[in-house]
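Scroll down for the structure; my scribbles are underneath it.
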Amino acid sequence: MNYSSLAIPRLSDFLFGVCPRPLTLKNGLVIGGGQVYPEINFTLDSMIITAESMPQVYEQYTQMITGVCDRAVELHAPGLVVEFELLPDLTLVPEWGAEVTKILRSTLDETEAKHGLKTGLRVTPNDIREFARPPLMRQGRYVEDMFRSFELCAEAGADMLAIESTGGKEIHDEAILNGDLPMSVFALGVLGSRDMAYLWERITEISRRCGVVPSGDSACGFANTAMVLAEQHFIPRVWAAVIRVLTVARSLVAFEHGAVGPNKDCAYEGPYIKAITGYPIALEGAEASVAHLSPIGNIAKAVPDLWSNESVQNVKLLGAMAPTVSVEQLIYATRLMNVASARGAKEAGMLRDWWVESDSHLDPQAYVLRPDVVLKISEEIIAEPTPYKRTRRSAFAALEVLRQANAAGELNLSKMENRWLERLSRAAEGLPEDEDEFIAGILPQVNRKKIALSEYGL
Amino acid sequence: MNYSSLAIPRLSDFLFGVCPRPLTLKNGLVIGGGQVYPEINFTLDSMIITAESMPQVYEQYTQMITGVCDRAVELHAPGLVVEFELLPDLTLVPEWGAEVTKILRSTLDETEAKHGLKTGLRVTPNDIREFARPPLMRQGRYVEDMFRSFELCAEAGADMLAIESTGGKEIHDEAILNGDLPMSVFALGVLGSRDMAYLWERITEISRRCGVVPSGDSACGFANTAMVLAEQHFIPRVWAAVIRVLTVARSLVAFEHGAVGPNKDCAYEGPYIKAITGYPIALEGAEASVAHLSPIGNIAKAVPDLWSNESVQNVKLLGAMAPTVSVEQLIYATRLMNVASARGAKEAGMLRDWWVESDSHLDPQAYVLRPDVVLKISEEIIAEPTPYKRTRRSAFAALEVLRQANAAGELNLSKMENRWLERLSRAAEGLPEDEDEFIAGILPQVNRKKIALSEYGL
Amino acid sequence: MIIDDIKQAVIEGDATEVKKLVALALEQQVPAEEILKNGMISGMGEVGRLFEEGEYFVPEMLIAARAMQGGLGILRPVLVEQDVKSAGKVVLGTVKGDLHDIGKNLVGMMLEGAGFQIVDLGTDVSPEKFIEAIREHQPDIVGMSALLTTTMPNMDKTIKAFNEAGVRQSVKVMVGGAPVTKKYAGEIGADGFAPDANQATAEAKKLLVG
Amino acid sequence: MIIDDIKQAVIEGDATEVKKLVALALEQQVPAEEILKNGMISGMGEVGRLFEEGEYFVPEMLIAARAMQGGLGILRPVLVEQDVKSAGKVVLGTVKGDLHDIGKNLVGMMLEGAGFQIVDLGTDVSPEKFIEAIREHQPDIVGMSALLTTTMPNMDKTIKAFNEAGVRQSVKVMVGGAPVTKKYAGEIGADGFAPDANQATAEAKKLLVG
C-alpha cells in the first residue's frame, strides 16, 4: 500500500470526530464516526518497579483505573478510551505489563457491564531496543522481549496495540541540538522509515493473530523532543516546526504496513496522517500540559478523533487524584466538540477555525498544524514515491510555508528565528534528489559509535 | 444602593468578557471590557507554616509566581490576574500574608516592566473569625487581625481585595446534611446577609482608604460545600442546585455595600451577580478540577470576565510545576473565548450556547446556571426588597424552574432526586413572607451552642 | 418478630416507633445485645447499604441515626448493666489550625451507625487536647482529619506527641481527609487510613481485629 | 590583545582561528592559565550570556564549545605541565533504567564551557558503574540525571550505595531531571540540585566553594 492521493482532500471535511475510515471496536465503540472520545493515560508516581514492589504497582493501577472509570460514569461520558503506556520495566518483564493490562481490562469490563459505558483499551509497549547501545533493532533479547510484550498484552485484553518507536533516534537527538537538517532527514527519511516498515509488519502480524487492532506510532521521540527543547529556548522554533513536518513520511510507513489508527495521541503529525490515510487519530493539547507544556494547546483540537492528556502521574491534587482530574478535563473538552458537531459540520468547522486562529499566528509549530497547511503540504508529500523523497519534500514544503507566512505577517518571527529560517532553507537546498547519493554523502558524518547501521539494512 | 432592575436584561448581551460596568486597574488592565483574562491561584504543598518555616514559604511563593509569569509571557497572554488566597496561618499573622503579597507584587511588576504583560493582583484574606467557637463575627482578636490583614495586604501591593466570608455557615453545614431548606434560608437570607452588610462596609472603607478595589465575595462555603457533597452522593443534586440559587441575595449584599467586582472565581452565583449588577465576575470550571470536581465545568464558561483554576498546590507534574501547568490551561481556555468574541457577539453567543448545551441537561446544578435561567430567576429575585424575601423567592423560583425542566424532559432526574424535588418544594411553601415571623418560627430549632446570635444583631 | 420491626423502624427513621419497640422488646426479655446487634445496628447496616446503592442520601441516614439514638437512650442503661461492649470507642477530631469538619462528622456518623462509641473533639484540636482525651476516654482508636495541605503535617506532629506522652501504644491511629493518602499515612506511622466514610468504618473494624 | 581575540573567536565558534591564536599566544609566552581563563572560559561565559538573553541557541553554543575544545587540545599538555587546575571534575550519568540523556548532555556541555572537566558515563548507569567511575576518576562532583518517576528512586539507591562503598564523603552529589525537585534532592541527601543546565553550572561552582 502506497498512498498517492489525499483521503480528505477538502478543508470543509477535515474535522474533529469524523474520518473516512472510522474504526469499530469489538464492543461497538466507533472511533472517528462522529464523536470525539477522551483518551486517558496515567502513570506511576515516584516508585521503583521490582518483583517486590509489584503488589504496589498493581494497587496503583487499580486505584487509577477505578478513579477514572467512576468519574467517567459520573459525568455521563459517551465513551472512554484508556491508554496504557508501559514503562520500560513493564516491557522488560513482559509478564508484568500483561498483568497490568488484565487489571485495566477487568475494571473496564465491569464498568461497561454495570453502567453501559463503552470503553476501549490501547496498550503501548515501550521500545526497549535502545537498552542495547548502540541499539539493536532486529535481534537480541530486547527485540524478543518487546514483541513478546505485544503478544502478552494483546492476550491480556488490549483492544489496540501501539508503540512510540525510536528507530533512527540514536543519531537524531544530536541532529536536533546541532540544528543539522540533513542528519535529521537521514534519521527520519532513511533510518526511521526503514525501521517502521520492519516493525509494523510484525506488529500487524501479531495483531491479526491475536484479533486486536494495530493502531499507530508516534514520532514524538523526534519532534516532541524538539518541541520541548524549543519551549526551553534551546533550539529555534522554526527548526522544531520543520522537524514536525519531517516526521510525516516516517509515521505514514506504519499505515503502509498495516496500521489502521487511531494514530497515537502524542503524534502531532497526526493531522497529516489523517488527511492522507483517512484513518482516525488521537491528539493532545492544553489538557496535556500536565505532561508537557506546548505552544499548540488549542490548534491540536482541530481534527482529533480521540482527545488525550498524554500522561499524568498518580499524585494527589486538591480536587482528586490527578488521573481523575485529568479525565474530567478531557470529558469537558470533548463535550464541547460533540455539541458543536451535533449542530452540523458548519458549526464544527467554526469551532475548529477558532482553535486554529487562537494559536497559529503565535508559533511556527502551530502554523504547520493549520488544517489548510496540513492539506497543502500533505499533497506535496504524497506526490513523492519514497520515504526519503517525501521527507526531503517535507523540508522544502514546510520551509516554503513558513517563509511565506512570515513574509505575509501571519507569523511574527524574531531576528534569530529568521536567521534560522534562512539557514535551514539553504541546508534543504543541498539535499540531493537521489537517496543513494544522499546516503553516500552523509555516512561519513554519522557517529558510528552511536548507531549500528546494519540494523537498518545499510 | 438596592438593585431593582437587571443591568443585563437581554440574553444576547449576556456574554463572557463584557459587562456594563467594566473595571480598570491602575495599570490600565480592563476587566470586563472585551477580553477574558486568566486568573491563576496557587497554594503551598504539604508543609507547616511557622516562624521558622517562613523562609521556605516565601521561597515557594517566589517559585510559583515566577513559573506562572514566565509561562504567561511565553504564551503571549494578553493579560494575567493572580489571586493570592491567604491560608489561615497567613491571616492569623497578618504580617506574613503581607510579606507574601509583596513578593507576588514585585514579580508581577518586574514582568510588566520587562515584557509589557499587564497584570492584576487579587488578595483574599481568610475569614478567621471561625477560629472562635461559636464564631465571633464583630469583635475580638480574630476580627481585628482579619481587618488588619486586609490593610496590610492592600499596603503591600494588592490591586483588589476579596474574601470568602462565612457568616451563617456555622449552622449551614448541618442544614445541608439534614436537607433542611428553612435553616439554609435562615443562614443565608438572614444571618449571612446581615454579616455581609457589616463586613463589606468595612472592606469597602479599607479599600477606599488604601486606594484598592473592593472586589467581591463568594458563597462557596455554602453552595460549593453542597456541590462537593452532591458530587460524593451525600446529598441530592437538586438540593445543591437550590442552595446555589439561595446564595444569590446574600452575595449581592456585598455589591450593595461597595463591592465593584470582579466577583470571586469560586462564586458560581456569579452569573446572577453579573446580570443584576453589571459588574465583572471571575468564574472557574473544567480547569479547576485540580481543586474540585464538578458537574459544571463547561457551563461555567458561559459569562465570566476572568477565568480561574480555583487553586492548585505546588507539586511537580511531569510537564512542570502544577501552577505553571494550570496557567497554561487557563491561557488556552481564554484564547478560544477571545478569538470567538473578536469575531463578533454572535459568534461569542454561539460558543456560549455550546458550553451551556454541553452541561445543562445532565445536572440540575448546571441547569440553574443557564444564562436564560439566570436572567429569569434574577428578575424574580430583585423584584423583592430584602435579603430574606429575595432568598425565599430564590427557593420558589429555583424549584419551579427545576420542576418545569424535569417535566419537559430537559433534565432527567432519578426517582430519588424527584422525591427530593417534591420534598423541598413542600418545605419552601412553608416559608412565611414576613421575616420576623420566619425568625421567630426557626429560632427554637437553632443549635445555640454553635452560634452566637447576638453577633448578627439578633 | 419484634427485632425485625425494630430494624425496619430504624431503616425508616421512625424514632418514636423505635423507642416504643425497644421498650417492648426489653419487656419481652429479649436480650439487650440482640436488640442492639440484630435490631438497630443491623438496621443501620441496611441504611448504609441503601446509601451505597444510591437509594438513600445523608439526610435519610441522619434521620435513621437519630432513630437509633432514640432507641439507644433506652437501651444504654441495660447494656451497661449486662456489660455489653460497644464495637469500640473512637476519639475523633480535626487537627490544629484546620476548621473543616464535614468529612470528620460523616465519618463519626458512620462509625456510630456501625456500633462504635464516638467522642468528637471538634476542630482545631491540638496534640495536647488529643492526649488529654486519650487519657480521659481511653479510646481504642483516635481518628484525625485534615483538609489543608498546611495542616496535614500536624497529623505527624500529633503522632509524635503521642509517642512522647507515652500514649501511642494504647491506641490505634486512623487518619483521613482530602489531602491525606495511604502513602502519607504510612510515612507518619498511622495504623489506618480511609479515603471516605464508608471505608473508614471497615478500616476501624480491621484495626480492632488486627 | 591576543587574549581578546581568542575570546572573540570562541564566541564566533571559529575553531581554526581559536587553534591558531592559542598556539600563537603560547609562543608569545602568555601563561596557559590566562589563555584558558580570560580567553576561552571567558568567551564561553559570554556565549552563555548570549544564550540566556535569547541571542544564541544551543547549536551556536555547541559550535563555540567545539572551537574551545580545539584550543584546549593545544593547551592541555601545557596546562598539565604548569599544574593548572580545572574548575573541577564532574562524573555525569543518567541513572539505571533510564535512557533519557539530552538534559544531562546539556548540563555537561554547560559545565565544560565553564571550565569543568567532564566524564560522561552515558545512560542506564548502575550504582556500581558510578562507584567504579568515582574510584577511577576521583571527581569532585557526581551528577545524576533521571527523567522517569520510576527511575528517580534510583538516585536514592545510588547515594546509599556510595555510602556503603565508602565513597560518599569523597564527592559532592548533584541531581536533576524533570521529576526531581529540590525537596527530593534534600530527602535523599544529595548536596546539590538544579532545575536547568544554566543553574547546574552555578550550583556546581557553589558546591566546590562550600
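In this document, chain identifiers A, B, C and D correspond to the written order of the chains, with residue numbering beginning at 1 in each.
Quick note on the criterion: contacts are C-beta pairs under 8 Å (C-beta built on N, C-alpha and C of every residue); 3 or more make two chains touch, one makes a residue touch a chain.
Everything numeric in this text was worked out from a predicted model, so none of it was measured.
Q: Could you run down the chains that neighbour chain A and chain B together?
A: Output, common partners of chain A and chain B: C, D.
Q: If each step moves to a chain the current one touches, what is the fewest number of steps from chain C to chain D?
A: 2
Q: Would you say B-C or B-D is joined by more C-beta pairs in contact?
A: Between the chain pairs B-D and B-C, B-C carries more contacts.
Q: So what's the Cα centroid distance for chain A and chain C, whole Å?
A: So the centroids are 51 Å from each other.
Q: Go ahead and note the Å separation of the Cα centroids belonging to chain A and chain D.
A: Spacing between the chain centres: roughly 34 Å.
Q: Going through chain B residue by residue, note those that touch at least 2 other chains and give them in order.
A: Only 43, 313, 318 qualify.
Q: In chain C, what residues contact two or more other chains?
A: Within chain C, the residues that touch at least two other chains are 149, 179.
Q: Building nodes from the protein chains and edges from chain pairs that touch, which of line, ring, star, complete or other describes the result?
A: Graph shape here is other: it fits none of the named patterns.
Q: Which chains touch which?
A: Taking the chains two at a time, the touching pairs are A-B, A-C, A-D, B-C, B-D.
Q: Give the list of chain B residues in touch with chain A in this complex.
A: Against chain A, chain B makes touches at 43, 71, 74-76, 231, 285-293, 295, 297-298, 311-313, 315, 317-320, 322, 324-325, 328-329, 331-333, 335-336, 338-340, 343, 347, 350-351, 354-355, 357-359, 362.
Q: Please output the residues of chain B touching chain D within their complex, sorted ascending.
A: Per the stated touch rule, the residues are 316, 318.
Q: Given the complex with chain D, which residues does chain A contribute to the contact?
A: Listed in rising order, the residues of chain A that touch chain D are 43-49, 87-89, 130-131, 133, 173, 177-179, 225, 229, 232-236, 313, 414, 416, 420.
Q: Any idea which chain C residues touch chain B in the complex?
A: Against chain B, the touching part of chain C is residues 51, 54-55, 57-59, 62, 97-99, 101-102, 105-106, 122-124, 148-150, 152-154, 157, 179, 184, 196.
Q: Which bits of chain D are touching chain B when the two form their complex?
A: 149, 178-179, 181
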